[in-house]
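Structure first, then comments.
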Amino acid sequence: MLLSVITLLPLAFALVMLVLPEKVIRPVALLLAVVEFAVSLLLLTSFDKASPAIQLVEQIPWVPEMGISYFLGIDGLSLWLVILTTFLTPIVVLGSWTAIDNRIKGFHAALFVLQTSMIGSFLAMDAVLFYVFFELSLVPMYFMVGIWGGQRRIYATVKFFIYTMAGSLMMLLAIIYLMFACRDTFGQMSASLLDFYRLKIPFVAGEFLNPQTLLFFAFSLAFAIKVPMFPVHTWLPDAHVEAPTPGSVILAGVMLKMGSYGFLRFVLPMFAEASQYYAWLFLFLGVVGIIYGALVAMVQPDIKKLIAYSSVSHMGYVMIGLFSLNMYGVSGSLYQMLNHGISTGALFLLIGMIYERTHNREIAKYGGLAKALPIYTIIFIIVTMSSIAVPMTNGFIGEFMILLGTFEASRPFAIAAVTGVVLGAVYMLWMVKRVFFGPAGELVRDEHHPLHDLNARELTVMAPLVVLIFWMGLNPNFFLDYSKASLDHFVKNRDNYRLAVSPAQPKLENVAVRGEAQ
Amino acid sequence: MPINPEAWKVGLDHYLYLSSLLFIFGMLGVLMRRNVIVILMCIELMLNAVNISFIAFSRYAESTNGQVMVFFVMTIAAAEAAVGLALAVTVFKKFKEVNIRFFEHLKG
Amino acid sequence: MNPTELITLREFITVVPLCVLFFVSLIPLLIKPFLGGREPNPISVLVWNFLAILAAAGCTGALFGHSYQKTFAFSNAIVLDGTSVWMSYLVYIVTAVGIMLAYDHVATRGRQFTEFCFLMVSSACGMLVLIMSNDLIVTFIGIETMSLCLYILVAMSREQVLSKEAAFKYFVLGSFASAIFLYGIALVYGTVGSTYLPDVATQGVKLISTNRVFLVGAILLITGFAFKVSIFPFHTWTPDVYQGASTPVTAFMSTAVKAASFVAFLRFFTSEAFVAAPHLLTVMTWLAVLTMTVGNVAAILQNNFKRMLAYSSVAHSGYALVGLITAGFGTNYNAAATSLLFYLFSYSLMTLGTFALVAVFERSENTSLEINDLRGVGRKYPWLAMSMTVLMLSLAGIPPTLGFFGKFFVFSSAIEQDMYWLAFWGMINSVVSVYYYLRPIVVMYMSEGEAETLQIGLMTRGTVIVTGLLIVILGILSSPFFRMVQNSVMNQF
Amino acid sequence: MLSSADFLFYFLGLVSLVFGLGVVLFRNPIYSALCLVITMISVAGIFGTLDAWFIAGVQLIVYAGAVTVLFVMVLMLFDLKHEMKTFSKGVIGNGVKLAASGVLLGMLGTYIWATYATEPTFKPLPAAATSSIKATKDLATSLFTTYIFSFEVIGILLLVIAVGAVTLSRITGGTHHAD
Amino acid sequence: MMSNQILFAILLLAPFVGFMFNGIRWKSHNATLAGVVATFAVFVSFVCSLLLVSQLFGANAVPSVGTRFFEWMNVGGLQVQAGFVIDHISAIMVLVVTGVGTLIHMFSIGYMSHDERPSKYFAYLNFFLFNMLLLILGENLLLMFVGWEGVGLCSYLLIGFWFTDSEKAAAGMKAFITNRIGDAGFLLGIFTLFFLFGTVNFSEIIARLPAGGIEMGWTGPMTVACLFLFVGATGKSAQIPLYVWLPDAMAGPTPVSALIHAATMVTAGVYMIVRLNPLFLMAPNALHVVAVVGAATAFFAATIGLTQWDIKKILAYSTVSQLGYMFLACGVGAFGAGLFHVMTHAFFKALMFLGSGSVIHAMHEEQDVRKMGGLRKYLPITHATFFIGWLAIIGIPPFAGFFSKDEILWQTASSPLGHKALWVVGVLTAGITSFYMTRLMCLTFWGKSRVPKETHPHEAPPVMWIPLAVLAVLSTVGGWIGIPKVMLGGEDNWLERWFHHVIAPVPEALGHAVHSHALEWAAMGVSLSFAVIMACLAYTFYVSNPSLPGRLAQKFHGTYRLIYNKYFVDEFYFARIINPLIDASKGLWAYVDVNFIDRTTYVLGDVVRGVGSTAKSFQTGNLQQYAMYIAVGLAVTMFLILR
């Protein structure tokens, strides 16, 4: 029940939003989002971290003719992503308190629908169900960017929608193919991931036209666009720049992870040989993404676009981590997904806060902000440090493990990727220098509109993020422990991946069994 | 044309040739005439051509089914003509125009 | 059969719904003379016609709803099976909605509403014949009954220029296609010796390889069907007629006509004979691909909402044709036919809703609704806009709407039959289609501008919202629906 | 040897073709209508050569009589004063039309020839199995037994068309004027 | 053990608490309170480290004291403990860092008393110390890296402390980014070592070194690892080619320069190499690189120091040069000597920086030595202490610098890893150092006063001069623990005994050291006399005959310009690396993103639109055209099917 509750509760909230009067929307939305977060924290107590099995499983036949079921389950790979989603939503609600000033009803409804779809795609253990949630998430985000976005919002939102959809449709074909492959192998159609894992899909090395390779690329395309990887990333800067702050936060914070999570959940275990064989390609594209994203970020005149390109770079790390196919890299990637969600989310929130004050994001017009807004600056620099992976912040743990894993998988790529460490510092610090340091810039000087520092609400928004930045940096074990069993299982048995299903209430039995074993 | 004089002996194929020729004539008329009334006539011509095939087939298969069908076809053709002419009259009353080139507002 | 016994009761039962529908709908027409030729109260007309439809639907439900036993009647001229029952329901729904829209719509209400309704119901009768027909000549008669009524319906708009032009184009091209279709029947009849569809199927297996004339006849027939369901390159009438006709008629035409024609096409096409035809599959595949592509790419450039929807409907014919091809050439008829029927259902529902929405925004009979006219609707009419969004997303195939599952099932059956090429193109086309389906949404919600105040007919508005809801609900609960269709199809072959 | 029946066929066929072409080619629609009448009559004759006397009669009455008269009437009603362009223009368009028709004709002819001309069973006309009276009776029987459903539907169709045609003639317009 | 854990906790957390204290009240202007708290925090650390180090002495001495707090990271085979250790190597560092740190903190109380944000300053300084302790005490490479980056961060913040000045902010950024380049190398080194030995723990790495498995080539894993690590060291310790940040780093407050950019942080690279000395000894080629880079840096930085006019810049180049010495020492296998020099250098360079701080303070933020001169009479204490520092750095016995520098030079000459050329460079550098340091003394304290009239230099308050005095004492006596063997009559000095267990001797396989007392005396004499000569020369130049330098500069115009402009290295980096990179990035953005990828998608869209408009143009509205499509479609379909 818990998973369904977590997934569907926001949908109910969305309906609540539609019927409430405008005045009370914001507080109620905040309250509900916090409630959802609290409910999702129950996962931590009911989740058995020693087991790699998918847990808290719920399975109800949905379209039994096609073997499609409403199949939710959680394991170490998805646990934190779900919590990240529920964690960011209240922050976004609070963060958009003043930024979103029209149609707040629709906005919060869209936000909650988005939450459902994101959580759903992290929890779905059925490929079609996953696809449904995966696609559904486009719609509210489409509205968010399109209605509450900036000048070129329509261009950006349509680009976002079509890019993402174009990728995912090929995945749909691949899913359907696999469902029939299940029928041919097991005598019964199935869209369950557990069955997909059991399939033996023929693979011929060095040849493109064989089932596994084609399926691999069909899935990869969908997820690579979502991530986004290097050549298909151009929707991201546009979408980010035009999106309203909460949209950017959710987009960067969670939606991009749906792509990398897809690689983790689908591509790598299902197409083990192909992903091994073509790992170099993804390592290459990931490294190109790291360097390219960093370089292009460096020369952006717009702060938000800079952060958007930095996402390309950061997600490049996630990709190389995943395709290093070892424990370090994959754990690092998982960790980096969370980091990126927190630090980039925080950066977007911060940019939104300053944008609300000046209505301008051009770096050249800033300068000397540190004098005018000291607290803001401190928080910004802390987040920047997390973003450029300074030790003791979360970013370091992720990047270190990713690079460690990549180094094991391929030294040349690791060495190339390490340049990203330098370039990351370059573009972030250069931006920080131009925006915060030096003499006061055009916007900061403005006598008529003296800038005021962060207020209590904004501090409340940022505080949990800052706390997490350090907590995750200082005690990664707390977070990794929940995922360790799953990741270990994933890495060790990827060639022959199976996921066990543990019953809905596994705690007592498992504890007992382990007790005996000891 | 084959030299073989047998080929000139009338058989099913000759009826079908006739039918197809008439059909194509009708089709050409629909394709090329501009007067809507004439186009309607050409459609009638096409239906007639088909009727020849029906009757010929039915005659050679020694069954009356084909004739029943022709019967139906004729009725429907008449109905079609009625509707078509009624439409034509309605349109003509309004616009005093029967050239099909007049009907090109809807396009693109 | 005993010649003395003209019609057995059992046979008569099969056409009871048809008779009920037709004769009850005649009543208002008969009342009219008694009122001295004045138009009766439109509400009463509406009620009578609803009564007709409800009665017919009730008969269908009561007599055949419980079992999908295949029943032949009238010397096997018609067949009553699950497919017919399901499609009858669809026809009833569409007709009822069409009448409702017509009641509300400026271009159709007025002096001739009685006749309008009568013709619409008669057209529906033609569709019922078409759906049940098991004999090519019956198919032809059904098509003609349906079409002749439609020609008149298209012309019956208060709008003066475009509707007449549309009617004329439709009529001329429709008759032309009928002639071709009829020639096809003649050739098939000549080669097979019968127009009875099972005969065609059994004889065809032999004839297909030996007798080219049979194949020519089949191709002519396919052309005739293709015209009716607007398959490229026989689709050219579609945009013009859909645009020119009054919106209630367009709604009726784009859904019921297409669905009924597709069913007849399916009955003809699912014969083992065609599997053996050498290049038929290739050509049909290409036709499907081209239909989707042409429909979608042309729709992108349209500004007139109805015309855009017309092109989208062409594209949807292409998707449906995928289902038809898999049903015809595939090994798993049941799945493919089910997916086709499901698709037709979902498509009809979405299209009905969309055209109802168009009807909402047409304030006079001469309004030609541009997409940009929807500005500001998102703010002013949130529920309508939301329904519209759902409808558009469903047409684009975004989950979890009905449209997604329609496409999903169709492409599943294509993949099941290893027709990857079709599925691939279908997907590419879906991407293209997203672009123009998003446009109304963009305009409604994101463009600056204020919507005009509308006087919206309650029923039309209701239609929009109900279809919007249904699309989501049936989308999520697609399984029971799918299963019902599947069970009905199971017994067919 | 060609029999007299053959010659009759050729004669009627030629007449129907020539006048059929006339329908298409005459600039004046009245001439076209007259050609259509003659074509219909000769087609009725061809039905006669195929022993379908009843149908031939119906053809004469319905087509040559009713339908064509209707056409002529309408033409008279229109009373076209001004000269109109008879044929569609455009070398390419017309060329394509002719080519398409030619290809169709060619294929129809070829396949008919390949199927039926080479097959001797279709050559001689089989002797009429029954008298024409009997045949007409058979026709009636099958019309009211086997094809009863179609027959009834046709009846309905005619009724509907009657209503429809009347309706069409009384359509009232809106506010819009022809532009 | 428990008490050790608490001691370690206090040792580490005291500066952190100070940081938190000052960080929270960062707006406060109360420099005294902030400074006292910060200084006390560091002093507590110093006391704790003394207590811990004391356990290494005496009868029941332990080889090392360590503790583990918690497991920091545990992924796959990577298990990283938050564990800290004090052994004979880190003991010296920790004492130097906390000791000198205390003094510099104390000095800062006076120096920063008029600053706008003293609390922030002390917070950063404490935070730096915390990170430095992590770096020194961490039991594994990863913890060291944490500190390594942490000190970089603090250095960034402190260099840019007066951030409203764009150039100072830029200097901070430059320092961080340059360090990052090194850090990237360091990371790669960690990776290599981890996959080589399966651990990142220092003691475990050393324990797992293959016995006698010396790698002779260039591509062996240990060589590669050492080279990677050395890249890290060049960044942090400002060696060629990454030294460019250090002179710019003088933009920060002067005590910061003393603490971070002279005494502690910049020596981290040396410390790291010393910590891993058995590993480096396995990779002689890497050591050669270290030695050559060290010697080259020492020489080049010293030459640049000759021409600078900014008092802090001169000291900065001197620091770079001295760091070069330390690497030279490591490179020739004289790790002990390297660390020895770290210590003595910390004393005298901190002394000199603080002295210069005192001068700058007195001169009201004036740093140009051309505007000083004759300050001896205004600042007697500062002059006295600076004088001792000067003696130490130019290597006059018995001041600290003499012993360490002499040890390095002798080892360079005698070690099997050394080379005569390196020794020559070392001696030359010593001479140049002597010259420019004397120049600095002359220009600042001696000779005629060039102080502008409106400036009234005054001696620093006690809170500032007491640290100077303490450091002066240390600079005097600090070297006595490492008196050369020859002077002790062949007996191992204290330092050598101290390092006995932790610093490996150069393996036999690499050859034998030269043991010749005569030679050692001779070498010592040569370098000493050369330094003295150069000092006298400088005195002549800048006090006796002040016009001479100008004339000389005129004569060797080209060379002078080259050296004065620091060999145009910064310009080279900008012109050849940074600007091209920015241009390339703009190009990538404009051409790849906007013009290629987006354009491609637009082209796809245009194709679709093109096809669409073609399809549209077929829809002419002409009915017969439509009929034609039907006919043509039929004909084509039929033809295709029946062909």
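Just so it is clear, A, B, C, D and E label the chains in written order, and each chain counts residues from 1 on its own.
We take it that a residue touches a chain if its C-beta (ideal position, glycine included) is under 8 Å from a C-beta of that chain, and two chains touch if they have at least 3 such contacts.
What you see is a predicted model; the values in this text were computed from it and never measured.
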item	value
Farthest chain (mean CA position) relative to chain A	D
Distance-to-centre winner among chains (Cα means, whole assembly as reference)	A
Pair of chains whose C-beta contact count is the highest in the structure	B-D
Far-end chain from chain B, centres as C-alpha averages	E
Separation of chain A from chain C, taking each centre as the mean of its C-alpha atoms, in whole Å	43
Approximate Å spacing (C-alpha centroids) for the pair chain A, chain D	70
Chain B and chain D, separation of their C-alpha mean positions in angstrom	5
Whole-Å gap between the CA centroids of chain D and chain E	103
Touching two or more other chains - residues of chain A	none
Per-residue multi-chain contacts in chain D, two or more chains	88, 97, 101, 104, 107-108, 111-112, 115-116, 146-147, 150, 154, 157, 161, 164-165, 168, 171, 173, 178
Set of chain B residues in contact with two or more other chains	16, 23, 26-27, 30-32, 34, 40, 56, 58, 65, 68, 72, 76, 79, 83, 87-88, 90, 94-95, 100-101, 103, 105-108
Interchain pairs in contact, sorted by label	A-C, A-E, B-C, B-D, B-E, C-D, C-E, D-E
Chain C residues touching chain D - in the complex, by the definition given at the top	1, 3, 6-7, 15, 22, 29, 73-75, 77-78, 106-107, 110-112, 115, 118-119, 122, 125-126, 129, 135, 137-138, 141-142, 144-145, 148-149, 152, 155-156, 158-161, 191, 211-213, 216, 364-366
Footprint of chain B on chain C - complex, ascending	137, 140-141, 144, 148, 151-152, 155, 160-162, 164-169, 171-172, 175-176, 178-179, 182-183, 185-187, 189-190, 193-195, 239-241, 243-244, 302, 307
Footprint of chain E on chain C - complex, ascending	168-169, 172-173, 176-177, 180, 212, 215-216, 219-220, 222-223, 227, 232-234, 236-237, 239-240, 277-280, 282-283, 287, 293-294, 297-301, 432, 435
List of chain E residues in touch with chain A within their complex	26-27, 70-78, 142, 145-146, 148-150, 153, 156, 160, 163-166, 169-170, 172-173, 176-177, 180-181, 183-185, 187-188, 191-192, 194-195, 581-582, 584-586, 588-589, 592-593, 597-598, 601
Chain B residues touching chain E - in the complex, by the definition given at the top	27, 30-32, 34, 100-101, 103-108
